[in-house]
Amino acid sequence: MTSIKVSEKPHLNNPILIEGLPGVGNIGRVAAGYLISELKAKKFAHLYSEHFFPFVMLHDSCEIKLLKNEFYYWKAKKKGQRDLIILVGDCQSLSPNGHYDVIENILDFAQKMGVKEVITIGGLATGDVEDHPKVLGSVTDKKLLKKYNKHGIEFTAGEKVGYIVGAAGLLLGLGAERGMDGICLLGETSGFPIVTDPKAAEVVLDSVTKILKLKVDMSKLDKKVKEMERFIKRVESLQKKAIMQIAKEEKAPVSEKEQLRYIG
Amino acid sequence: MTSIKVSEKPHLNNPILIEGLPGVGNIGRVAAGYLISELKAKKFAHLYSEHFFPFVMLHDSCEIKLLKNEFYYWKAKKKGQRDLIILVGDCQSLSPNGHYDVIENILDFAQKMGVKEVITIGGLATGDVEDHPKVLGSVTDKKLLKKYNKHGIEFTAGEKVGYIVGAAGLLLGLGAERGMDGICLLGETSGFPIVTDPKAAEVVLDSVTKILKLKVDMSKLDKKVKEMERFIKRVESLQKKAIMQIAKEEKAPVSEKEQLRYIG
Amino acid sequence: MTSIKVSEKPHLNNPILIEGLPGVGNIGRVAAGYLISELKAKKFAHLYSEHFFPFVMLHDSCEIKLLKNEFYYWKAKKKGQRDLIILVGDCQSLSPNGHYDVIENILDFAQKMGVKEVITIGGLATGDVEDHPKVLGSVTDKKLLKKYNKHGIEFTAGEKVGYIVGAAGLLLGLGAERGMDGICLLGETSGFPIVTDPKAAEVVLDSVTKILKLKVDMSKLDKKVKEMERFIKRVESLQKKAIMQIAKEEKAPVSEKEQLRYIG
Amino acid sequence: MTSIKVSEKPHLNNPILIEGLPGVGNIGRVAAGYLISELKAKKFAHLYSEHFFPFVMLHDSCEIKLLKNEFYYWKAKKKGQRDLIILVGDCQSLSPNGHYDVIENILDFAQKMGVKEVITIGGLATGDVEDHPKVLGSVTDKKLLKKYNKHGIEFTAGEKVGYIVGAAGLLLGLGAERGMDGICLLGETSGFPIVTDPKAAEVVLDSVTKILKLKVDMSKLDKKVKEMERFIKRVESLQKKAIMQIAKEEKAPVSEKEQLRYIG
């Protein structure tokens, strides 16, 4: 059970899908969130799934919210720009097979909206503090290198990491099966402790805006990242607590005084 | 596979759903159970699911019972009261995704019964013994605060805990997706060791009866809670033993004398 | 995916289903197996499931066999006897929810064959060597006590253990939802180390044959149990090895020399 | 969700399916891969599944690839030869029940292509370095021994190991349920550390080519195995890292400073 609820049906012209769900360093989440905020993109649909954590979050002290992924759109303002669908959210799938299910649902929806191209954003944990983080790219087809081989992207992700876990990877892998082209942009970040890294988000955003011919004022990025960080850290912390609670309930120890008598 | 079997089809007028399944301190289970007992609510349906533990319980020394969630109804007696559906049961889902499935089934059924409003009851483990436990509320929509902002409820659950696991949270989160309004009431309780806490149950019951304009004699609560506690503790203990048995069978060690030869 | 393949369609008159799948002390497996052998019951269907272990067994040095549950039938010879369907097999479900799925499939099939009554056989691990093991009964409905309350069965399983895991319990619990009556017979056995216990199997068989008005020569039981034990121990040992192999593959450690760089 | 995408529809005459997916010592993967390379077999379909790892791999430094199983075909050139379908791939299922699902999908497809016979290839880890590794066979039906009881195969796998995990076993076990005949060939290999073993691959390939009446030049095997080994080791290493990353995310410890307050 993965459901997508639509609140508005925008008419988009050959839109490109930008994904920024939680992941390493939350680079994608922060970069896509800043894009939404600066472009004033509009929410038009959300997704929830049995593959997400089995809890709700409390916003603003007492308002109950399902865990969700959310779709925003933005219509091109100038020549050379493209209509955009931006995907952000609280979480990714909890179970391995859930990733495939959630992402197939996202792609079904994107296809109905006319999406033929996907950009996913993520982080690559290097284990070092990166003073000059790079943007590492990978593509669904090498013929796309000609198109993307500028904008400060190094196409060496394969040597540096070799695989991409979750939505940032599967949206492109499963998208390619539907004939969609795409690129994954990974910002180098320390990865430890997992904090939101504005520097890495900025370099990735720089590449994204160049690809999309967008003008985005980066001056508020630091401030916005700090704001988002509070929320993201809260979600992460809640998820960790919830996992511990679930684990505790599932593996509750039996009092040693009780003699274990079993049956079958 | 989640099934709901109906033994009677009551005609209910705009009923409100009250949930009290097992959880922290079993506040919900105890409060809803006492309400059923005092109101003499009538059982009319039950639910079982592949997401529950794969065992049956033995009641009264030798009678086999599936693990179940059960639906009771009560029809309003006075002006200002509402018809009620009260949901109690032996357990919640064993697997994370099972929570979503079971609760969507409950909501499908509730919707068919005409439910548009939900009250869920739970406990919040504070880690301290609470002499004057509070009732913490959270709602599906802030506009509901005006309606519920009395009856001794503090709307600070978000600050104190931030998330609600399982049925008490998902019934409201997923219910809101269907246009249902709702409130979750959490009674503060020590949470350790997990015992049934009549004091916490009483404060929550007090808020519930005020919301529902019910007159419920609380004088038998202590006695009833002790009775229910025996049953609830038994179920908990059996579940822990069963989990250990399952875990033991799944991770049975191989005799060291057997040389491990494997194949593929 | 749980499939039942039928090799013969016997016409049975109000048959009773006897279940003896692997479990504690393999009492059920051994008792049902001996019954099949002594009655010369005939195999007519088998079941396999994605919920079983993902491996095949090698019989007779080189013949590949899926893990299966198997259905045998026997037609009543004398007045007072009943047609029987006997269910035995290599294993039960690997996952908790799989138990429900497999057993619902068994009950669908049994219902089509006209089954309205079920006897399940299992063991109860007491932790002590039992010189005079008892047979503990539990029933789907207390009104059945009158029918079964003889044949040397003590109806105290609820006090001694409280729950029945897997097929022996769920066949009755889920069967009762379909209007089937039934009894579970548990033979007391040490339970540690898990060996096949002919003494416990004999007392349970004694009760089963009295209920069913069967004459079964018990003199070959010891010999037969030893024969079956070899096979059962082999299956258990293979399952343990296979679980270890699967666990090993899933949790394979990463060389410490490889720097962990991850991505998302 | 398991999908098979077909890029070409070859007309094959009574083809035999040869399986060589990753497993112990990667004997099957290497042997089948060498066969594809030497026969110049042609890729015509691929399979991906939610039961595979939830990540994509990066080939050639920056090209994103879903994890896949791939089908190749080869048409008989001489009398006595058979048309072949060769199945190789990056991985097998991550979850136990996924194995059944993926293999039922493979068998559905194979059946549509006219397959009635299956050969699976694997390794048997002996724990010793084998100077003269044997080929151990097992069959879906003992009557097949007459057909295969030559070509240097010893039919003692049952005594040496007793079970076959994953595709090499289930393709035959589940295939037999559809009336398919088949043989599993296991090359003895040390199994520790898990490296690709050209000697074991060669003895198995020798048996396979004799069964199929193929002439295959073995002189390039060592070189090819080394080439494949690089790729296979990379995939294995990525899978291990990915598993660790997933495990890390699922079991992320909660800061000790955070007081655990939970709710329900």
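We just call them A, B, C and D in the order they show up, numbering each chain from 1.
Assume contacts are C-beta pairs under 8 Å (C-beta built on N, C-alpha and C of every residue); 3 or more make two chains touch, one makes a residue touch a chain.
Since the structure is predicted, the reported quantities are computational estimates derived from the model, not experimental observations.
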Computed over C-alpha atoms, the centroid farthest from that of chain B is that of chain D
Chain A onto chain C, same sequence, C-alpha superposition: rotation to the nearest 5 degrees is 180
Interface of copies chain A and chain D: same or different residues on the two sides (over or under half shared)? different
Cα centroid separation, chain B vs chain D, in Å, comes to 48
In whole angstrom, the CA-centroid distance of chain A from chain B equals 34
Check: chain B positions touching at least 2 other chains come out as 94, 157, 161, 163-166, 237, 241, 245, 260-262, 264
The residues of chain D that touch chain A in their complex are 1, 3, 5, 48-66, 94-95, 98, 234, 237-238, 241-242, 245-246, 250-254, 258, 260-262, 264
Listed in rising order, the residues of chain B that touch chain A in the complex are 93-94, 96-97, 99-101, 104, 137-142, 145, 155-159, 161-166, 169-170, 172-174, 176-177, 182, 184, 237, 240-241, 243-245, 247
